[in-house]
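Each chain gets a letter, A, B, C and D, in the order it is written, and its residues are counted from 1.
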Amino acid sequence: MSPQTTSQDLQTSDKPLGRDDLARMVAKDIAAGSFVNLGIGQPTLVSNYLLPEQNITLHTENGMLGMGPEAVGDEIDGDLINAGKIPVTELPGASYFHHADSFAIMRGGHLDICVLGAFQVSATGDLANWHTGAPDAIPAVGGAMDLATGAKDVFVMMTLLTRDGASKIVEACTYPLTGIGCVTRVYTDKAVFLTGPDGVSVRETFGCTLEELQDLVPVPLKAGPAVGL
Amino acid sequence: MSPQTTSQDLQTSDKPLGRDDLARMVAKDIAAGSFVNLGIGQPTLVSNYLLPEQNITLHTENGMLGMGPEAVGDEIDGDLINAGKIPVTELPGASYFHHADSFAIMRGGHLDICVLGAFQVSATGDLANWHTGAPDAIPAVGGAMDLATGAKDVFVMMTLLTRDGASKIVEACTYPLTGIGCVTRVYTDKAVFLTGPDGVSVRETFGCTLEELQDLVPVPLKAGPAVGL
Amino acid sequence: MLNFVDSVGEAVAGIEDGSTVMIGGFGNAGQPFELIDALMDCGATDLTVVNNNAGQGDQGLALLIKEGRVKKMICSFPRQSDSWHFDEKYKAGEIELELVPQGNLAERIRAAGAGIGGFFTPTGYGTMLAEGKETRIIDGRGQVFETPIHADVALIKALKADGKGNLVYRKTARNFGPIMAAAAKHTVVQVSEIVAAGGLDPENIVTPGIYVNSIVKVA
Amino acid sequence: MLNFVDSVGEAVAGIEDGSTVMIGGFGNAGQPFELIDALMDCGATDLTVVNNNAGQGDQGLALLIKEGRVKKMICSFPRQSDSWHFDEKYKAGEIELELVPQGNLAERIRAAGAGIGGFFTPTGYGTMLAEGKETRIIDGRGQVFETPIHADVALIKALKADGKGNLVYRKTARNFGPIMAAAAKHTVVQVSEIVAAGGLDPENIVTPGIYVNSIVKVA
């Protein structure tokens, strides 16, 4: 723990964060003017909390920049869907392109941030989010590996613990990998973690102290940089 | 020489062909509906003899399909030029694309024919047309290697002999190569040659017999398939 | 050579057993349902199908799979809530699956059309989808060698064609159409409207007619 | 981050000595003359310039070369009837030349923007432009390994930009603009017209704004 930070300083909420509060926090952390891809599931919630003045442009890997909110009523158009195959809308200044051009945006390092769900994240930022590895599971990967490998920053949103109480932040992933050393931040109900080659630091905790958090997580946790990074 | 063809049968003109006659012959040999790229210089003449009913689409590697004739007068537009940087025109059904997409058309094997000039063509269809190899020459290659390698058929148009009387059809190119085994036909003032892995055959001769032609060309010549192929 | 044909049946005639068929679409958007129905009717079987998914619900590609006409799927995301026909065939060991990260799928299809012999990409490095593949470190990043995916036939859906076979698409239904058109030996397109050559702005053509072989208007 | 700036000087400010600069254009079509003039004025030197040609006549890139600001040219066709400034520098041994087949130039630039680590292509195989390069036989064809060309800055010309930085071009002036915009860390665009976001049809955008950093309107 760095001298200027105490475990108590890190606790910014007296209870765990719900999915919407977490989505609001992620949205707030995205720099103005960023180009962002939100993964299917929990990450999609982030779009509800992006403010117009942030001027965020959303990318959907099936071929669009400038994606708007989910379509309702007469807006629904089968030719205008997102990566989760949900009908969406188009904002002024949108653009359409084919799949190779769309993935060139992802793979060429042009997205500032992608936000993904995860089964596990390792201490050094390895990501496992596409396959349980169960022998009878039908594998499906979609664009997960391209996003994990291509975006400048990969944020993960997940509950810290599985239903069985096991930490999803692990020393090394036991599920099949999506990408190596790609995750830079993990937003969970109990804390925000920063991951990288030097291991895991904790930016802030929700409803627990760093020591209580350490009891749940099987990798060494450092107090991270001051809140706000 | 195949039994059914005599040297005399091959002679279809009693004198060498001029550049325009040769261009007219190449134009006539291009199958209806073909997509064609005409190289800078002599090959450009071919466009003068393409008939509307042939429905040929011309490609220019700087980013266009459906190129029309050279622009004159008010048609001249600095944003609409061909690979030789000459102002051209646009035909109905034209399309524009960027350089990578344009070369994907060439390199992906989508052009039916390209017609190129040459310094030398080898017996097996190697092409040398971009560099004299002279130590003080400034090399410049442009799209020559992409065309030579990418088009389904590569036709060469050239005079058979250099100014010094040396054959440009050679056993092996002495000039730096553009591509290996890529040329399928060579249209010259004295004959039309078919080149390929099995060597050189002569489709027709102009103003000379096969025997007289053989005296000029240092590779074994066979009488080719009947005129018209 | 470009042909405008009168029926989807004519458009898919000649697709042979054992062909590799690319089918456009991401989910249902851009999926050429009528051409797929015609492919079903024409009887070709033992097909390798390239599509992002492995069929949804009880229509299109899903039915082709149900009827046992697909020997192998090359796709990125077969498992969906309504991919029951694929799921059943897969669990029964009756269909082969080559699972490809979506960006590799797109780039490999693009490579085929562009004459690229293969390329290195960081996507998939260190994962089970790169097992057995050549790798190398380039500029400090692990990368995997991926090869082009060619096809005998592409079946795609566009919005409009002009008399030269140039195509434009509609919104995210564009998806795989342009790259599949370039990657297949023979490209069949269903469109909603056909206009004369010159009826589409040359600046806005997405697929030049050079990539198109057969066009059929579907009401 | 996208900025609309008021002058070409502001647009090129910050280009450092020793930078790799991609300059759009094929011959004069699409060449961003005003941005090149500003680059001349800003003083940056020791540049590596990527362009199809090596300047024509007494303007634009040709002057930059004449003034000794270009250490190295990466191009496909330097020798032209009016490339006298390049010719002189080259013969004097005062400029380095990396000669690249035009399609390899385009594909290598595209690869940089698309995150490809390298690719095999038949173009150039067996020629002196492949000397010293890795080769392999793929599907019976000799192929050469080519690497991406990245740049610090791209200077390009488009017809119009919208408020999101989306670009459309004009006729064959499109040429290298779209791929250079994607390959450079910082892309500067001169346009003839700027319209509000929504003022360009989303179907017709050629370069999405994600690839654009600075836009300046040039009269």
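Note that in this section a contact is a pair of C-beta atoms (placed from the backbone, for glycine too) under 8 Å apart; a residue touches a chain by one contact, two chains touch by 3 or more.
Predicted model only: the values in this text are computed from it and were never measured.
The chains that touch both chain A and chain C are D.
As a whole-number value, the distance joining the C-alpha centres of chain A and chain D reads 35 Å. Chain A and chain B, compared by their mean Cα positions, are separated by 56 Å. Computed from the mean C-alpha positions, the centre of chain C lies at a distance of 33 Å from the centre of chain D.
Contacts with at least two other chains are made by residues 107, 110, 114-116, 121-122, 169-171, 202-203 of chain C. Touching two or more other chains at once are residues 64, 90, 96-97, 100, 103-104, 106-107, 150 of chain B.
Contact between chains, per the stated criterion, is found for A-C, A-D, B-C, B-D, C-D. On chain B, the positions that touch chain D within their shared complex are 60-64, 77-82, 85, 90, 96-100, 102-104, 106-107, 131, 136, 138-146, 149-150, 176-180. Those residues of chain C lying in contact with chain A across their complex are 26-30, 52, 76-80, 86-87, 90-91, 97, 99-107, 109-110, 121-129, 142, 169-179, 206.
Residues 1-2, 110, 112-116, 162-164, 166, 182, 196-198, 200, 202-203, 205, 208-211 of chain D are the ones that touch chain A when the two sit in their complex. Touching chain D in their complex are the following residues of chain A: 33, 35, 57, 59, 64-66, 90, 92-97, 100, 103-111, 150. In the complex of the two chains, the chain D residues touching chain C come out as 107, 111, 114-122, 136, 138-139, 141, 143, 147, 168-171, 201-204.
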